[in-house]
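In the two complexes that follow, subunit A is the common piece, with subunit B as its partner first and subunit C second.
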Partner chain A sequence: MLERAKSGFTRAIPNWVQVRIPRLGDDTRFAYKLLLPAFLMMGIIHFLPIIWGFYISFVQLDASYVSNWWNAPIVGFENYAKIFNPNTIVGAEFWTSLRQTLIFTVGSVIGIYTLGLGTALLLNRDFRGKLAARTLVLVPWIAPAVVTVLTWQMMFRTDTGMINHILRSVGLIDGSFFWLIGPRSIFAITAVWTWQNFPWAAIMLYAGLQSIPEHLYEAAETDGAGRWGKFRYITMPQLKPVSVVIVLLMVVWTLINFTVPYVLLGASPSDSGKVLMLFIYNYAFSNWSFGLGAAMSTVLFIVAMILAYIYYTRVIGGEFEGGAI
Partner chain B sequence: MLSALRREDEGGRIPETWRLSTDGRELLFDAFARFALGLVLLFALFPIWMMVMNSFKSRSQVMTENPTLIPTEFHVSNYFEMWQRFPLLDYFLNSLIIASVTTVVTILIASLAAYAFSRYDFPGKGKLELSILGTQMIPGVLILLPMYLLFINIQMQIGIPMKDTYHGLIFLYSTFTIPFAIWMLRGYFDTIPKALGEAARIDGCTRLGALFRVVMPLAAPGIAATSMFVFLLAFNEVLFASVLGSDTVTPFAIGIQEFQTQTQTYWGQMMAASTVATIPLLFLFVLFQKPIVSGLTSGSVKH
Partner chain C sequence: MEDTSKRILSRRQLLAGAGAATATGLTGCLGQFTGTTSQTSGDVTLKARHFATSGVEKFYEKHAAKFEEETGISVEIETMGWGNAKQKQLNSITSRDGPDVEEIASTWMPQQVQSDAWMDLNELGASLDGVYDQPTNVAQHDGITAGFPWFWGPRGHLVHQGLLDEAGISEQPSSWDQLVEQSKQFKESFPDKHLFGLPGANNWAVTQYYAMFVWQAGGKLLSGDKSEAVFNSDEAVEALNFYKDLATKHKVAPKASAEWDGPARDSAFINKRIAGTWSSLNTVDKVVSEGDATRDSMAVYKPPAGPNGQSATFYGVNLVGIHPWTDYPDEAAKWLKYLMKPSVNADIASMTGFLPTIKSGFDQEQFSGPLYQTFADEVLPGAKTFPQVIGWGEVEGTIKNAVTDVLTKGVSGDWSEGDTQAALDKAVQQANNVLSEN
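For the complex of A and B:
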């Protein structure tokens, strides 16, 4: 059957054309068929837009070209020159935004990892109600992000918010802090994002802890290692593979997160909370400069891709093969 | 037996001193660990608690400088009044429709692909897997700009409305969730012995039949867990919805922000709506938590 189809196909092609038809097994073709719908959709919504977005970053696309984008004048690297030049308006804001994004990312990832690790270690002990504790810890991660972020917004209110109230009652502050406006907004989004994601890190690390063979600890004990020694020389090295995964994925996901800053601070926050995703969104859809927006998105994408590449080569590529999980 | 022997062996001798002291330290450490875990849980659950409690507060109870952890007086009026301000029920239904259809489409398409990755070897497999992972690294705004143009242009050139339609959002969301679902489902399919599918084939099942009749039913808990995540992702999506999903299809995630008006925010009602949206999901999570946790932690490193 396959043979016939192939010969029929080759007959239709003149002899002088050297066609190489890869000999695909029945199973292989079936596998490709299974993958077709998924990759077709991803082609339209993921791969095509990236190329398209890349193109837009080289044209001057504003509101007047939305319905005939192909007529937008090509300006080469002008958009990139503008965003990287700190003397232009957009450039100055872009650099500020880049700095704030970096603070947000580093702060969040440190918070998420340390809190996650602490939680995982605490969960990895024998006590009653362990399953319940594990379930409850995951709640911030499971609850719909929009409503939890709105709840945080309520708690972060200046005069009537719970957080200022608590800080006042324990005597840490006098009066009221502005959390969502001004220089502290970066702290607010970092706190909320950390709260939302540390459960994920905790569960990943918990699974990592569970897979550490008991005999390693027994051997360490015979060698006279204490609690700290076991943690330092057994636990941490064993957790390294899963830690790399967590940190890298979390860095990328923090870079490209939109929901938390947008819902918590609104579409036009103070400079402090103006992380890249929010800034690009604003710039593209409030000012209708798609070209500049696309150029900034491309920069963000390239940064994310470099990190993803490191993730791939170091984690999946085999350095950590057979790791903790 | 062994312990009994040891006890006899110890007899009246006194290694008790050091044993007591280690026990004491152990006990102290244990108490500390419990306390610390309690703090973590408090941190994790505090906002949820505040959400539920504030939904029972009257306006003056919410807008006070001394907010309480428990309402001084429980009001249920928020749960009735929240529907009247704007079409909140429609927003809920929109989200339900969009997220449910997205889930069905995603699971159907993703399980085919996940099955291929789980059961077959073919040229380019590694690269395709990598591209699936890569899609998780794409900043949404980079896709949003061309998508906006694509939707507008489809509407103008071909005449099919895409912006502000159910099918537009469902198409977008399914594609966003497919890579993630493939990744997760693949982990579940991997745990089902290959022999089962092969046995089904010998019994005359087609290859696709083996997937739908044997593998998928066995992976049902995993599929349920994946479905929940897909549903959650679609339910939570804000970026694309804020640009491409207004008017008649406004989803809950966008609509709920209408409790914030120019002049004031209706916190009590907003928290009531939030509670209504959260409780069913938490319930589902508790129901499916075993496959969810295993799905979260498998397949992330190893495959």
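For the complex of A and C:
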């Protein structure tokens, strides 16, 4: 029977198809064996949850089925229909959260890149105490996130916080602004996330600046280029590859950031600070609506992928050669 | 020619090592899914999991030993923080594995009962005779008695009596209007302090305070049969407007209270920036231990009544239940019966700073002080809690959105007439969608 099946399978393959499985050498096979435990662990820890999350986004996994999740009915795209319908509770909040997440992401990436570039350009100049400055710049990035965010929370408090005090003393505001509740909470999380991450961008860009060949600037000077001309036509193009990496990673990291909004604004912030990760967590775990939570996570994953794709195809445009780093 | 035998041997050793490490790692990961009930030397050891409330471990040190002496059954305690408790309980319910006995938060109970997380205590012969009616109603859900109400925390009107005396305020505020009047008097003596303060938009408990105002105004959250949300009634609108006006129009509370979370409110109360708040009894312990107040300098009253003369308050209750996957239901039932003794119930309440759920617990020595007796005589009769319905989490979410929206608009000056009604109408519509689905 097995033989017949085998021969049938062989007959089904046309003769012109030649499947060539490369013969692996002993060393290569041994290398794969060595890698196998790591692959197994990665599969279990990384890929299985992603596949499982994608699966349960099509399942009605709520309080009724938590204890017997294997019997949870498959509901097709019902969870997706609910989150895309602005007339449902989850749908109304999903769209608000998605909008706020995009504002948070765009604002943060612009802030991080701009501050990072400015800092990198400053660090690239020769001055006394450069090493100390370079180390100090890294402090926001290496300091424990929860501690720094809680410190920012104190600074943002309306009555006792330093931010309002400074703004009042320089005459920018009269009374006291609420930063942790209401429409300004999106500014608060964007500011803190930007502050935490600009050092990383600065160090990456500084490394990029260090690797730009000096003769390019000398040639530009010979051609009469000024400071702006050198920056525009040499520095920025040479930094393009590293900039791509920074922007891409920051977009993804910001989209999935949970710590800053959660610690700064609490579990259930005003609409303005309600980013998608926070909303997904709250909704799935407060209401035990894991199917809907998984559907929202999948949408967030797809949004991140689309943004990355657009960035690669439109902004990079295939010019990914040369340059710093 | 290179001798590869040593290299091959070391590779094999490396492979074996990697395999062993993987196996060890996986075993470690799976370890948490193995049974947690253990039997040592022929004696039963029950596993109990509780919230990390201050005093619980001390209670176990004393009573687990006593219980073991009486029955030969030992009880081991594991504590969990509120931050990860829901996740831990969910993991146990999903895997049908975990502790034998566990603490239940009342607001999570309907979902957990629906998930078959708790045994019916009636089947194990446990009785809730002598327990206050309100916690008993919480314990009995969907036809079963899911847990024994262990202790509860009705919110009283806590005040720094010394500050009020200095301001010449000698009586408790019996109504909302009187609270506002007293605030004006208080401001004359203490222009930099406030008479009262509650957590605001940055706190989940904001829904509890809103519920108190609604009940005091004579309104309800859900209809009598719990099928419909009614927290957009005239009374409910008046309640939310009063909550908002406390920090704005009436200046009874600081404007900054709109963004307070629980710790920020506690800090203001401990440092006497506010003279009064609504909280459970354990806040008194916190104020005494962290501030310069003494128990004698503090007083508790029932919360003031709303326009229709009702004084109502919110309470939360912590229960203890038995999971259906336990191998020792009878032993676990014995432990619960031990916990139900009035003296033991009084002990846990006193050690955690909450109140006993068994009425005769108040006859115990620990509860003889005036603070406790005021709670027993004045506060408890008006204590209510959230409706126990499936989907309450989502309904509560809609209430919170509406309340925080109005509070935030109030303090930022963006509120206008009709905003409160509109916010509550929207929330009710969403809540009704949830209730109709369940």
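Throughout what follows, the second predicted complex is superposed on the first by the 285 of 325 C-alpha atoms of A that agree within 3 Å, B and C clash if a C-alpha of one lies under 4 Å from a C-alpha of the other, contacts with A are read in each partner's own complex, and residues count from 1 in each chain.
Note that in this section contacts are C-beta pairs under 8 Å (C-beta built on N, C-alpha and C of every residue); 3 or more make two chains touch, one makes a residue touch a chain.
What you see is a predicted model; the values in this text were computed from it and never measured.
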TODO: Judging by the criteria at the top, classify the pair subunit B and subunit C on subunit A as clash or fit.
DONE: clash
Task: Which superposed partner A:S286 touches (first subunit B, second subunit C, both, neither) - done: second
- [ ] In the overlay, answer first, second, both or neither for which of subunit B and subunit C A:L102 touches.
- [x] neither
Open item on the list: Which partner chains sit in contact with A:F30 here, subunit B, subunit C, both or neither? Use first/second/both/neither.
Closed with: both
- [ ] Tell me which partner A:M41 touches in the superposition: subunit B (first), subunit C (second), both or neither.
- [x] both
Open item on the list: Contact-wise, after the overlay, does A:W69 reach subunit B, subunit C, both or neither (first, second, both, neither)?
Closed with: both
TODO: Tell me which partner A:L255 touches in the superposition: subunit B (first), subunit C (second), both or neither.
DONE: first
TODO: Once the structures are superposed on A, label A:D271 by its partner contacts, choosing first (subunit B), second (subunit C), both or neither.
DONE: second
Open item on the list: Between subunit B and subunit C, whom does A:D159 touch in the aligned arrangement: first, second, both, or neither?
Closed with: both
TODO: May I ask you to name which of subunit B and subunit C touches more residues of subunit A?
DONE: B
TODO: Answer with first, second, both or neither: which of subunit B and subunit C does A:V263 touch in the superposed model?
DONE: first
TODO: Could you point to the stretch of subunit C, among 152-160, 260-268 or 296-304, that collides with subunit B in the superposition?
DONE: 260-268
Task: subunit B/subunit C common contact set on subunit A - done: 30, 34, 37, 41, 44, 66-67, 69, 159-160, 285
- [ ] Enumerate the contact residues on subunit B facing subunit A in the complex.
- [x] 29-30, 33-34, 36-37, 40-41, 43-45, 47-48, 50-51, 54, 62-67, 109-110, 112-113, 115-117, 119-123, 128, 130-150, 152-153, 156, 171-172, 174-176, 178-179, 182, 207, 232, 235-236, 238-239, 242-243, 252-253, 256-257, 267, 270-271, 273-274, 277-278, 281-282, 285-286, 289, 293, 296-298, 300-303
Task: Residue ranges of subunit A in contact with subunit C within the complex - done: 30, 33-34, 37, 40-41, 44, 63-64, 66-67, 69, 88-89, 92, 157-160, 176, 178, 180-183, 265-271, 282-283, 285-288
- [ ] Flag every residue of subunit C that touches subunit A in the complex, lowest number first.
- [x] 11, 14-15, 18-19, 21-22, 25-26, 86-87, 90, 93-94, 96, 111-112, 114-117, 200-204, 254-256, 258-259, 261, 264, 390-391, 393-394, 397-398, 400-401, 404-405, 407-409, 411-412, 430, 433-434
Task: subunit B contact footprint on subunit A (complex, rising order) - done: 22, 27-28, 30-32, 34-35, 37-39, 41-42, 44-50, 52-53, 56, 66-67, 69, 115, 118-119, 122-123, 125, 127, 133-140, 142-148, 150-152, 154-155, 159-162, 165, 195, 199-200, 203-204, 206-207, 227, 241-242, 245, 249, 252, 255-256, 258-259, 262-263, 277, 280-281, 284-285, 290, 293-294, 297-298, 300-301, 304-305, 307-308, 312, 315-316, 320, 322-325
